[in-house]
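The next part holds the structures, each set out as structure tokens.
Below are two complexes that have subunit A in common, paired first with subunit B and then with subunit C.
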Partner chain A sequence: MSQAETKKTTWGPREEHTLINHHLRRLDAPEKVTGRAKYTHDVHLPGMLYGRVLTSPHASAKVTNLDTSAAEAMPGVKAVVKLYSDEKGLKYEGDPVAAVAATSPELADDALRAIKVTYEKLPHVVTPKDALRKDAPEVYKGGGKGNLRQSGSRGDLDEIKGIMAKCDVRVEGEYSTPIMHHVCLETHGVVVDYRGGDTATVWASTQGTHSVPEDAQKALGLKNRNAVTVLVDYMGGGFGSKFGLMLPGEIACKLSLIAKAPIKMMFTRHDEFVAAGNRSGCSVKLKLGANKDGKLVAMQSEVVRLGGLEQGAFAGLPYVYNVENVYSTAAALHTHQDGSVAMRAPGHVQASFVMEAAVDEMAAKLNIDPLEFRKMNLKDTAYHRQLDKGAEVIGWNRRPKKAGETPLVGAFKSCKRGMGCAVGTWGGGGYASCVVDTFIHSDGSIATQVGTQDLGTGTRTYIAAILAEEFGLPMSAVEVRIGSSKYGMSVPSGGSTTTASLAPAVKESTTLAKRLFFEKVAPMLGVKPENLTAKGGKIFVQGQPDKSLTWKQACKVLGRDNIAAQGKWNAELQGDGLHGVHFAEVEVDTETGAVQVIKMVGVQDCGLPLNRTAVESQMNGAMIQAIGYALLETNIPDPVTGNMVNANMDDYKVPQAFEIPEMIPVIDDGDTRNVVIGMAEPAIIPGAGAIANAVFNATGVRIKSLPITPDKILRGLERLKRS
Partner chain B sequence: MSKESTRDPAPKRGVSRRQFFKGVGVVGAGTALVPESSEAASGGAAFKPGKHSITLKVNGHAVALEVEPRTSLLYALRDHANPPLTGTKLVCDQGACGACTVHVDGKSAYSCNLLAMDMVGKEITTVEGLAGADGKLHPLQEAFIAKDALMCGFCTPGFLMAISAQLKKNPNATVEELKHACAGNVCRCGTYPHIFEAMVETVKKMKGGA
Partner chain C sequence: MSMKSFELRNPKSLGEAISLLDSNDKFHERTKILAGGQDLLTEMKEHIIEPEVVVNLKSIPGLNYIKFDPKTGLKIGALTHLADIAADKNVRQFFPALAIAAESVGSAQIRNMGTIGGNLCQRPRCWYYRNEHLVCLKKGGKNCLAASGENKYNAILGGGPSFIVHPSDTATALSALGATLTISGAKGTRTVPISKFFVLPRDNPRNENILLPNEVVTEISIPNAPRNARSVYFKFREQVSMDWAMSAVAVALELSGGKVTDCRIVLGGVAPTPWHVPDAEALLKGKAPTAEVLQQVAEKALEGAIPLNQNGYKVGLTKALVRRAVRYLTETATPPPYRDVNRM
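On to the complex of A and B.
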């Protein structure tokens, strides 16, 4: 590869983009609407076996007898593994006990049923209340430390108490958010194709193509990561929960070592609920103090994260708002529940809901418009711009000035309407890792390849857009290859870091490819490479459009040679620091307590949007997940049995067609940073806060614990009536 | 659940659900029962456990299958057909998400809730058969592409089949009707607003084209 002297790569002026920052069609949509798109779950190989896991039905137990002989003896059952050990014990409903691989899914189910297990149930805790009891069994044996593990504090309590006491107005409350589930439509899983020998192929439903090879190589005992090829053509949703080989992958590798045959191991929906991770809940005590003029002055908070066996996540308080005097503590409360994992903006959704509820209450108490009150306490003017924009789009002036004092509407004149808003922030920057290759051949084929993945985020499409725009070609003329660990390194899609890590490397690769290509083509047109331009399917001399070659003609010059250009990360093409606001309008039925979101507006910045359609789709999707979080979704543990009582999609309700309001995603074009930043995570953050605040505006009822279910509304209304 | 065709209608021919389950019993409980073939079974008796050879009509083709009485249509399509038809997705396996929606005699149905052996003699259409034989996409498929009505795409076949069944019934369907048609479907990525736009676009086009 020639290393000609490098001109600084930039995205170029916004007005010159022909594809980037436009509304683009998703490249893989035709595959998806015809059923041709092959997900891991759809992979079929000759001789493939179906894996199933037997999971613990108890939240805390020991296995005193595990007899797999009947399963092993069944014809068609090719491998059985025991996954229990006394050291490990069973610490949550869903903890794997054993697994089987059989020639059909039906047979695999039969084999699971044929395994005889004797459990000795141990005392468990699955609710915060039980976990805090003095005599609670310890989830992690720690010499009587209990289940609440402090993880730090900040500030001087006495000092803050003093300042708080002097504040003109104080609000105080206890807030909570539930454990939520990702409900990826494609469950976690893999197809491991290992038949003995030195190499293996793994299809994985993962957010990180390159996050799997090493895990799989270790699990299979192969030489190094290159011994494993990981393929991720399509994947059916992750939302933060799918990195590395994961539990089903580990188990599939164990089974394939025995069976020496390809194993498909996809979690069942029940497995998915109890053993594939979740979003941690929280319970928070928060006190805010402000002055009459509307300035937040002091904050005191006690955060308890509910991450089951894990630590859980919670962003720092005060969240986004400026409060100078702060005392806060944080702790994790453990229960015998599957550990939390990342889920779309981990820690931020929880913190935003809590903070925004308190801020909103403070505004109401001070009798200041909540939008104005927010601006008074948000330093970053990006929020001011976004709040104004969102207010305009939703029609904030229609908002009832006094909470609850709204006319009754609806068919039965029983509904009240109100509006709320909230803000969120996110980092979203990238890092060095991606290696992107672009190839041009003399037949006119041009392709960019990198081992990234497309979760539905639209990675494939924006890579094509960057490439096609660089060469002035239509997107249909370029090829994008992703989803294989045999392609260049790429980052896992977590923390909205993919775009900022990947797109700069793509841009570097296509820029270099163009430079190398122009060096070859320039002599044919008798000019210097820097005088060439690629546009409209042609290569021509700047200022002399008649001196041109069609793309095909130009490529012919390569002869037997070709262009291969590798690009790596360029920090200057990406940025971080994101802002977003949500506005919600709700209708609350005061008779039934039902809440319907009727309109939702999101305003989100992301630097330079690569594909406006995809950004808007992400914003819609994030707002919809926020509706689920605000109104519907919660893991319900039964304290007595220790089981999750709604571990299926009938009882764990997610938003469907009739929960969807009018939605308006607004890309914040006031953000003129000429860098790319991922935005899929921040787009969810303020939603629940905005909805809860709208419920307050409509009814005067402040709900401090998610989800906002009808019973809470009705109880709140009853309390209001009495007071 | 919004789909009439999944409401377990008492089959006019064939066996009732209750009779059927009598025959399946628990695993290995090889009690009963009479007929060897599904054709014979449509006489009203229960099925014998174990494999049965049946032929289903899927997307206009005869598909020969070996299934057990308990095998759902969804598993038959995805795991027992050769080549497998994996466009139809398995998500909840209990009639709660719509991802497995197919057309049975033109009506939408959750294939996870239907037993393969009950489907003999019926016309099954899956997402692979939604486009014309010439490969021309259904207007709804076109509209899904144009309006970005999909992200990860895992729910997409189910939505397409649910909505297209309603459009078949009523090409002038209102958005409200079409929302009802897919009210049992789940899209976790949250593409609903764009799905609704695609509905509007499709009805417009079908009117224009009709």
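On to the complex of A and C.
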């Protein structure tokens, strides 16, 4: 069969899959649960030194004296670097001042403490309120422009005001979300093995194996990216915060250039909170206008993103819903806080919470079922299908029809139950970059290799599934090699682009490998390659199952030769454009303000699911993270001292066992697109909105700022009682 | 995280331990007692304190026991682990508030290591105090940084000049159970009712209790009063799985003919010490616990609360817990059997 005759690669009919679109156990689960999986944190090299970084305890300061001599004189301290310069100054709590490398972590800590620093504190702003004050110190010296930087507007204000005035019903509110943290189980960090010479090896906790070599090569002054081998066997979570060499990596390279020894540089949990980036907050004024019949007509919004030193993220309003007449402005408000980075669906989680709260309020005001109201204003029928499905699974008709009007339940007859829903959207498409190789040897070994990384999303497992299914083998018979920059190029895992970028290239590689393999095997069975099929561990002639070879027998034909097949991205195997909805049922204790999510349902499309278990796991994980966002997690900056007062795992509260409700992840099989689409980010988007709306449905209290903590509920109930 | 170097001493007797503690160490900074280490070691790793000498009580035999005698009541050695107290049959039957409080502490790991003596003597959790770089009133600074700062979790009662809340769950329960503490020092042994053990910041802004720098709590004893068998501890936490008390209430009472004949009510998580409310008790004694009475008792219990700018919610929350605790204890003629009400 010549190249020209090659059939177009497709994923094939759904009913023919034996592994893909099934529930598959994660391949590396045994390694992970037994602790055999080695993360960067676990790497130990002979002669390895431990790096630690000294960070600024002040939100805004100058260093007037930095004396590292005592640290340098300590036995066992092998390198000390100063990271401060007057031009840079110190602009956030966590801004690096100096770093050390020593023979033990304890010694490195002691050495940090031996560094003498004199700080001159400068005025700071760490809250939006302070940042907006007329006399506020400027975070970026901009000649009196203040800290608010407009980044665009859309629509004609006067026109929209006119239309808004004519609307039958209007709702208006100020909404806010806090700065949230990724709280990766494995903190940011690397082990840099450079002992002088031309090459280096870097173990990195990263979302981009191939995003590190160039950075590291430059930092170490080596010839080109090939001089650095980056290894990412396992990584303990990133959620958008781990690309490139990053701060700990940059510092480790500096230290290793001095020490000429391997350096392990992992952030401490405190470093992680103050210097590893975060999800930006927002503060939004939003006005919606609708007609009596339930059609949204006009929207007016003012978005302020709170990204600390960075820009922050916020998806455009009106989020997902169809509103014809729009006026909106957007701006970034800077503070002396660590800059925001990407975090699971950047901008969308914020926008969804804000928009969904306003939409829900409008539905209540119009006295229309919030689910019906959503359908009336969502053009895309995928949402209609998903909303109906979610409503059925959670039992939407059980909810109080009028907010707060529901019997008191619970041990003390003090709790009210309610339900809410919300929607989200995402891209999830891929792009050309991945280079995937598949090898078959005469001993029957078969492997696919590519320099991607598995963030815990299950990349390793679906590569094995694609390969094994192609050759009709069990997953245990194939090998997957990932996590090395010496393997083919792969995309960094950002924007849920990995699957749609990688899986098509894997499919192309395995398809080609099979074609080349069949060309070798066909003569043995006296047929043409296109008449062969691989299934159940055998290669056989279509229609003549007795004319077959076992996999091992077939491979023998390769002799001293082997099959090497390279695949690249194929746009037609992937798609773009996702929909998701969340439903939440909550129980609110009206005496204590406690909110307990008791049930959560997610419905998510993703084209062709490669591994249903992995997709459901992503949805479950996303629901848990959404509960943290909705109810607990918040960076608390103290305006007076400028410090984040809860930069530890005691005071920064995340969901644990008792916060987790019954969760039902539903893969939207109504989506029949036969392409793969990345879904891990969108799975979180509507969560906080659904929970906030459920709280309203239960109590009649609309909390417009996350997280929804008991104090806010109690204050809200007080207000409600008075009004 | 590394600690500053220190000398670890393993005394073989209480007398030796006491002699190793510096009697002039007014703020208990230079020589420290080590029990389960769940608080002390954290403080040292975070450099909140940097003692020169650490005196390990665990090397002294005979401080880990639970003894119950119907006549003399319950005696608990200061080194007894919280997990053992929570699981003890007699504690559960005759002093349920203590079992519930011990069970509510931190996580299983912390309860397995942490001792009751250490739980009573642990230092405040206020995030200003726990930040190495900030010098708050508790660390010899001029101001309580919470007073005008982020004070959602701070005191609404008994505050000033410091507004910490006492973090100990067992302290609140033991106060309601009328416990006494045995304290050994250079001059011998004294017994102190728990109500006299804790001190308000206005009397001593640096230390939370009356212990001299060279004194050790050795035993906690609780009388076998009838009301103690009908006792409960309700702790409200923001993070249900594991958290400190945002507010808590311990109540012990006797019920006869549908009326409360005796009671003790103590609030936790709202003041720098366990907060005993005798005026509220007086309103409950001799009465049937009707909704109206409960409301009055709750109002009285929170009388005098002066919230800071972020913790006003604690007033209503604590009232709810007071009503809840009394209701729970009076709904049945016999005392409710032991039940971990922590997540009810």
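Definition applied: the second predicted complex is superposed on the first by the 718 of 723 C-alpha atoms of A that agree within 3 Å, B and C clash if a C-alpha of one lies under 4 Å from a C-alpha of the other, contacts with A are read in each partner's own complex, and residues count from 1 in each chain.
By our rule, a contact is a pair of C-beta atoms (placed from the backbone, for glycine too) under 8 Å apart; a residue touches a chain by one contact, two chains touch by 3 or more.
It should be emphasised that the depicted structure is a prediction, and the values quoted were computed from it without experimental measurement.
Residue contacts after overlaying the shared chain place A:Gly593 against subunit C, while subunit B stays out of touching range. Contact with both subunit B and subunit C is seen for A:Glu106 once the two complexes are overlaid on the shared chain. Contacts of A:Gly456 after superposition on the shared chain: subunit B is touched, whereas subunit C is not.
In the overlay built on the shared chain, the residue A:Glu718 is in contact with subunit C alone; subunit B does not reach it. Look at A:Tyr431: by the touch rule set out above, it reaches neither subunit B nor subunit C.
With both structures placed on the common chain, the touch criterion links A:Asp638 to subunit C but leaves subunit B unconnected.
In the superposed pair of complexes, A:Ala411 makes contact with subunit C only, with no contact to subunit B.
Using the contact criterion defined above for the overlaid structures, shared-chain residue A:Tyr140 touches neither subunit B nor subunit C, since it reaches no partner.
If you count the residues of subunit A touched by subunit B and by subunit C, you find the higher number for B.
When both complexes are aligned on chain A by C-alpha atoms, subunit A residues 105-106, 110, 113, 268, 648, 650, 654-658 touch subunit B in the first and subunit C in the second. Contacts from subunit B toward subunit A in the complex involve residues 27-28, 68, 70-71, 75, 78-80, 83-97, 99, 126-128, 130-131, 137, 141, 144-146, 148, 150-157, 160, 179-180, 182-196. Listed in rising order, the residues of subunit A touching subunit C in the complex are 57, 105-107, 109-110, 113, 268, 411-412, 414, 591-594, 596, 632, 636, 638-641, 643, 645-646, 648, 650-651, 653-659, 709-711, 714-715, 718. Those residues of subunit C that touch subunit A in the shared complex are 1-2, 47, 125, 127-128, 130-131, 133-134, 145, 148-150, 152, 236, 238-243, 246, 310-313, 316-317, 320-321, 323-324, 327, 343-344. Interface residues of subunit A facing subunit B in the complex, by the touch rule stated above, are 25-26, 28-39, 41-42, 44, 50, 104-106, 110, 113-114, 182-187, 234-237, 239, 268-269, 455-458, 613-614, 616-618, 620-625, 648-650, 654-658, 660, 663.
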